[in-house]
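The structures come next, written out as structure tokens.
In the two complexes that follow, chain A is the common piece, with chain B as its partner first and chain C second.
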Partner chain A sequence: MDIRRPPPRSSSGGVEPRFRQVGFVTSAEPGPAAASPPASDGLSPVMIPPPLIHDHLPAPAPELESLMPSSPPPASSSRLDAGSDLGDDDDDVDVSWARPRPPPPALPEPNKRDLTETKSEGHPTSVPQKPKLSKAERRAIQEAQRAAKAAAKEAGSKSTAKASDVNTKISKQPKAGKAALKKDVTQVNPPAASDKKTDERLPDKDRKKDVPQPRMQFDDVHRVVKAKKRSVVNQSEARNRVELFRHLPQYAHGTQLPELESKFFQPDLMHPSVYKVGLQYLSDDISGGNARCIAMLLAFREAINDYSTPAEKILSRDLTAKISSYVSFLIECRPLSISMGNAIRFLKNRITKLPLALSESEAKASLQSDIDRFINEKIIVAGKVIVSHAVTKIRDDDVLLTYGSPSVVEMIFDHAHELGKKFRVVVVDSRPNLEGQGLLRRLVAKGISCTYTHINAVSYIMHEVTRVFLGASSVLSNGTVYSRVGTSSVAMVAHAFGVPVLMCCEAYKFHERVQLDSICFNELGDPDAISRVPGGESLSHLKNWAENENLHILNLKYDITPADYVSMLITDYGMLPPTSVPVIVREYRREHVWI
Partner chain B sequence: MDFQVVVLAGGTSETLSPLVSKDVPKALLPVANRPLLSYALDLLEASDLKDLIVVVEGQEAARLVGAWVSSAYLDRLCVEVLAVSEDLGSAGALRAISKRLTANDILVISGDLVTDVLPGAVAATHRRNGAAVTALLCSVPVSGPSETASSSGKDKAKKPNRLNIVGLDKTKQFLLHIVSGTDVEKDVRVHKRKIQAVGQMEIRSDLMDAHLYAFKRTILQDVLEQKEAYRSIRLEVLPYLVRSQLRSAPSGGHGTTVGETGNSAVLSSGNLQCLSQHHVITPSAFKQDALSRSHGGHRCCAYIATKSKYCHRLNSIQSYCDINRDVIGEASHLSGYSFSAQNNIIHPSSVLGSKTTIGPHCILAEGSQLGDKCSVKRSVIGRHCRISSNVKIVNSVVMNHVVIEDGCHIQGSVVCNNVQLQERSVLKDCQIGAGYIVTAGSEHKAESLARK
Partner chain C sequence: MLVPLPLPPRKTLTPPRLLLAADPHPKSEPPPHLLGSPLRAPPCRTCSRSSATSSSSLSAVVRKVEGSHAVARQTAELLRSVVSQHRMGSSANQAAALADAVRAVGEQLIAANPIELAVGNIVRRVLHIIKEEDISATAVGIEGLSVTVDSDDEYDSEHDDRPSLSAAVLAAHARNALRAPSLQTLLEDIPVSPAISRTASSTGDSDGKSKSGDKSSTRKLKHDVIAAIGDLIDEIDSCYEPISEQAVELIHQNEVILTLGRSRTVKEFLYAAKEKKRSFRVFVAEGAPRYQGHVLAKELVEKGVQTTVITDSAVFAMISRVNMVIVGAHAVMANGGVIAPVGMNMVALAAQRHAVPFVVVAGSHKLCPLYPHNPEVLLNELKSPSDLLDFGDFSDCMHFSTQDGSPLLNVVNPTFDYVPPKLVSLFITDTGGHSPSYMYRLIAEYYSADDLVVRRKSTA
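Let's turn to the complex of A and B:
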């Protein structure tokens, strides 16, 4: 808990973004790592020439508004005070994700905290700001105050002692501050304050329209209870969760599948194909960004095929709702990957943009062809293009290292081998999934000479490596690569050894989000997977770990690799430095996804 | 979910001969005073499966079953009772009604299955793996724990007949080898090709085929059509599918057809073609790529019920006794009754004489009368029985309208409807057919008595 506390006041005006490095940092790297956070943060906004952005801003903005009812000006202004430090050119884009996240000191937070805390202590500090505030901003502040108040009240009433007294409440403030903070941070967007429902209903509705649903924060008890009520999959949460990652969902493994199975025949539950994909996610039958995305899209395609508009409903509206319900079901099975989020946005956008004059069958056909096109262009052809680019970087007698089993990298190796290049592959793997073994088997079967090792030995094997090819789950707009946990270690070791790191990632996986650590957004796997050690009873020391309160097991699924460790990004738009991601995101969005 | 359910209710089974007669087909055999079929139907109803096809062998039996179903499940289920001619076997019965099957997947459940394994679990496994057939396997039930030595000994003696050899892959999802019951020899032969394709196979003999299957309709219909001689699903159709799943397309005439149909039928697998380029198929089991794709065949999966689930088939007299005992004993949640504090059910309309004791795990149905100094242990007594004094009933099933006179001892026996036991008769491990009259003072041991 203490880790969270430090940042707030000292930062002058809170403009300085705080950067917390998670995982290893090679000390050899003097530059941007931990020492001077702004530099690496500056990557995205600074590299883009400001005039260009301002040219662009007006252009996509109206479009955005009409397309996605979720990134609108009022909300952005409400968030402005918090997000302004991100660079003003960025915030239009940022709004959709730069909502507050509770525990880690991500950069928007300090101000937020300042703001709400000063508010709750009384007005004086905020008075000088007043003239500057717009109407929306004022409303936002009011909201925050109200939420803080409600939270404080709740915190006060919980501690049974002198809850009713106003004075004691104020004196308690610092103590209850943490709770209040956590609460209002999540509440500011869609306030869930239970006792103030009546007068908050209206702004609440407004907001819901404006701001995209923030990601569930699973340490917020109220919202978890609420979410449970509407969920299809009845999940019981795992015990002994790691403190720092409480905001992420983690369920006791193996409890979901039987639940879901028992509901298999319930009528109108889900389209069978969606259901099947959900089951496959749940049981890890399908894993890997591309595969999951394709499976989901194909399931939606089938669902659309079987869809018929109910009487007195409009196809675009009803189908969007249907798709949303499918998506929330899939999220319950396993959190979406960023690439899937992009694909869903694409599909929903296509649905809303269907011309009204279209008949139902035409609309369905057009949507299906859209899905096919997306799969084909954005995933399959993109993969081929990446392969053709990447192959040029493989020379004879190269030693190539990869980590895990990225599908694109495998295709690269295959293709290079077909071209007759002579190279050797080092497959680095890690527990618990050991996906590398599959890759290894297939490569060896094709006659490529391979070395297999676990990530523990990566620093030893790195001496002989000439290139590192890695896959990515997503690339964020500050050039950060979000990928399988362990990727960043490999990249950092390679960086320290001066080995070029080539990240292979289809452009549909890019996201405009900026992420500075792997805490805020991540996925927790089954803790049993790492506590279970193959090799007999004598090694299973952690058998009943769930009963030990002092033991927390963390099975993180993703990590982020800072852009500094990535030499080059190989995408379907060519080979780029990681700093060019924002450009791609911008162009790509406008030209392709948001047609 | 695009599933169709077929309940194979059987007809008048030979193996249960004195218990089952023309008047009481197997489906209506009372288990804890409820017809056997009701266990399967209740299970399906609990899983929201309301449209069922019940297949009964024989017109007369079908009429009886139909009458019962329509009265008992009037508003709850939409049941279609179909009669097929007798002696077709399970596969034959399916063949006879195969024209009525339209859904993508067919859930075939035997009417004599008493279980609390959810059919949804089997169906979900089937869907998840895109299998041609998914079979429910459960551990071979052991005779109850606190049994008298004699009956459990007998039980064990009977078990080897129903032995199954099951080969599973490493992940315990795929069925690679199955040899059942009668054709188990001393050694098990496994094709080298299978081992090559799969790498590792786990052979188990502690699993039993519970006769609950999810079939892909097209594949099922093809097999039924081509293999007209096949009579049993468990003994012939399933082993055939398991055998042919690894058969590469060009080898052997029938292998080809199945392979092809498997391919053309599974539309989704065609759709997923691009998926397979990305190696979607489970990371853990990349070897199954070989299983699923390169041979163009189908996959046979298994759902293995956990040990805590109850799963038992009523296909012999011994199992009839076992199930009766379990349903009122350890698996009492299946019976649908609420047990009293003494762990038994005594209908309020029944009359007990003085010093008569009814032990735990007993059911005494409505209108039955017991005289003085009777003792009933772990037994089921049906409706309107008249039992005089000094009667001992242990581990037995007494059906409806049975008259038992003074001083009878009944142990480990099944006494059918309208039987009359005259004074001081002693029955041990016997089956008494309906309407039989056991003469006074006679002693029977391990006999099967029926009216000529």
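Let's turn to the complex of A and C:
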């Protein structure tokens, strides 16, 4: 077994960030942990053989929960010792962790069991939880050994006796813990294992599993056929598809809307609120990353409100399946944005983490408040924080350029105007959506002086611009910005003219995926929107474009902006260079972004 | 339907000259809701002003003609008629008088639309032609004279200094043609024409025999100039052929080409490659706000070229899959910079970012001997905002203004973009492929240096 474990140096290197994260956890954890209700001791164990995965343990017993900070269990003190050999920067964390040194007296069996739970529950976010008990145990032993070694080395501050005491305790503990946990897992597993085994593993495995799942490739005939069978929307393929984008879904637009509308009142198809949002996506009534995400979450909230667990089913499992079916419906209406994907992950995570002891109404209430919290903290408050950061970058007599109609940037302009700053805005727009016109109208109505132009003229207008504010649909972990098509061109021209580009993006839109070009992943819009030209029939030369198989029309929705065009990223975590995105994703994703 | 407050094309950022140059004629039929609105009909200053002279109607035509090719052709035709209608008076220096007449018309034409550089190019070309024909006529005349002189003793005295003078003239012209204008050449210029006029006058005061010879030589000069202008028109008409002949050498099998907007030169270039059985794909950026790319796409598809229309905003996204960018130009400046339809600079920057060759195809009538200064502003033209905004929808926004009365809403709709020479990989002209750094030399072959500024000389 030792062979598989990484060599000590690298393992300690791998462990180090874990310990650093423990610091975050201690500060962040008490909230949710304290909120978690009594454990599920009363549940009768359903003896399903455990499929290796110990996913989410239910919240630990309350008395131990309260006990934990005051009297650390042996496991955590062992962690302390293990941590102490890692470096000074961890020491303060450790101290805060385990103020009372002496190990507690021998615990009764159930307590011990719960302790191991608390141990694994104590940092569910930093150290992805141990799915395999044997692994957890191995780890504990390993740590204990290391701790013993370190303690022996130090010998000054910490007495060897104590360390060895701890050591023996630990070496004993796992065995007991193992048995207990096994039992526990059997109780817990059914609901927990349903969705996200991938996220909760040992670091090395976890790292592998952290790689985002490959997306559906629409040039894979088998999978497309399979997906077709399940689909509700029944989209028909568009004609004359562009060769380069065969891997992306492209449907004939507008054909299926009437049919879907007629199905609206059919029972048990979809929850009506979800259905409505889906139709709104389909008809492009809702656009913009934040608006779509909020609409989806509110629809889910309503759906959860009306949800009742069918007999013989478990809430968390059934609800997850339900949400998944909603999501796949929404995907059929319009591919999800990355921010929506993140929000769904959050919601599913919350569902699977629901304590079993909760009654249905309590669980629903907790989920609804989670959704509200997500919308509020991650979208609304985050937007306000971004505005407060960005406003400091606007000076009098600035000429600010923006592209399209990013909601955050609009808020920034509004706020700066309210603060009495004197500036001028250049709104750059592009076909086919011409979202900039809406922004232009709103800004002018507020009394902000505006100049409107189209994207081709951006190098003409860039001479007079002092700052470029852009919105983003997502920021990927290689620093590239995934955003509305044309953003990259604007950023490129600004870069060429030496104008700073400030990208505004809420941190919940960050994603650990990487992308190098705008082709591998994108979204295709309605080609007919491009063939229609303003100014009457005489100008539309491409009316019957689909009749000629040599002619294709490509309506890309997004593109990526290379990181070097972005001078600064303004997020709710502050103002960063785009290279810091992976740091944010890694450090904050588990505990903060997912609350 | 009337829009209460017309949008000015631009607030304060452009020089007044440009505002004057803003196109008063909407190129396309305005949408019905705009008819009768005060926006589309600002007083046409160029038209009203130019009714003074006979060629004025033509200078107004210049404003209505679209595209540098048509403009060049019409200018050449106009100048040909100017030359043919020019009465060769008995004035001493026929060539100078002819050039003056051309210059006078040319000045007006250029003033009518200073942005359309092809007009100036053609005027300069015609001036160059007159000069060259004059030189060759003089040379021929000298030969003819030297033959007659043998039989006649009267001209002995002149026989000696004439060849030397005309040799000096020839040399001066040869020098001028190559040299850039400098203070010295300007000064050198002065003795040349008096010298010619002196020789002419010295012949003029002799008897009628030489006069009749002179008349035939002026008629011959005029005839030659008209023929040469005819050649120039032919050259303008057929400039696509030598350019498109080079297509096969530049487009390989399965190439992916990107272009923006519509250019006839590009179309012929791609047609030629297609006719040689090359198969390639073309991405056409539509070229807002006029969407000429749609027309090009339609034309290409008719010839069986695989064409994909993309929005202008998607250029950066697609350029990584493109092997070559081929675009047309509005004018090529002497420094190798390009005045091109708006949006081209963006394409050129994207191409540079992805190391995609940026090829400009342009006929020789687009080569302009001027060096640009601040071309984004000075060589640009702001079109009607109605291309971008629907005034019917935005009429509610037009009431707003700042305290000092300037409107809150400005719309910028430039026509051209300037692509600096460092972003251009190659020029394809009818004389072959050239790098941007060579353009100044190529241009020197078409124009004589003292015509760079087309202005009537206040001598006569």
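Please note the rule applied: the second predicted complex is superposed on the first by the 378 of 595 C-alpha atoms of A that agree within 3 Å, B and C clash if a C-alpha of one lies under 4 Å from a C-alpha of the other, contacts with A are read in each partner's own complex, and residues count from 1 in each chain.
Definition applied: a contact is a pair of C-beta atoms (placed from the backbone, for glycine too) under 8 Å apart; a residue touches a chain by one contact, two chains touch by 3 or more.
Note that this is a predicted model, so its numbers are computed, not measured.
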Partner chain(s) touched by A:Ser407 [first = chain B, second = chain C, both, neither]:
first
First (chain B), second (chain C), both or neither: which does A:Leu298 touch?
-> first
For this session: Give one of first, second, both or neither to describe whether A:Ser287 is in contact with chain B, with chain C, with both, or with none.
Result: first
Touch check for A:Lys276: first (chain B), second (chain C), both, or neither? first
Figure out whether A:Ser489 sits in contact with chain B (first) or chain C (second), or with both, or with neither. second
Between chain B and chain C, the one with more contact residues on chain A is chain C
_Looking at A:Leu554, would you say it contacts chain B, chain C, both, or neither? Reply first, second, both or neither._
second
Original post:
Just chain B (first), just chain C (second), both, or neither: which does A:Tyr452 touch?
Top reply: second
Considering only the touch criterion stated at the top, classify A:Ser518 as touching first (chain B), second (chain C), both, or neither.
second
Quick one: is A:Lys393 in contact with chain B, with chain C, with both, or with neither? Answer first, second, both or neither. neither
Chain A residues where the chain B and chain C footprints coincide 441
Residue set of chain A touching chain C in the complex reads 242-244, 429-432, 437, 440-441, 444-445, 447-461, 463-464, 485-486, 488-489, 492-493, 496, 517-519, 522, 530-531, 533-536, 538-542, 545, 548, 550-556, 559-560
Interface with chain A, chain B side, in the complex: residues 1-3, 47-49, 118-121, 123-125, 127-130, 268, 271-272, 274-275, 277-284, 286
Counting only contacts in the complex, chain C reaches chain A at residues 11, 13, 28-29, 31, 281, 286-289, 291, 294-295, 297-298, 301, 304-318, 320-321, 342-343, 345-346, 349-350, 353, 376-377, 380, 385, 387-390, 393-394, 396-397, 400, 402, 408-414, 417
Chain A contacts chain B in the complex at 257-258, 260-267, 269, 272-273, 275-276, 279-280, 283-288, 290-291, 294-295, 298, 301-302, 375-376, 380, 383, 405, 407, 410, 433, 435, 438, 441-442
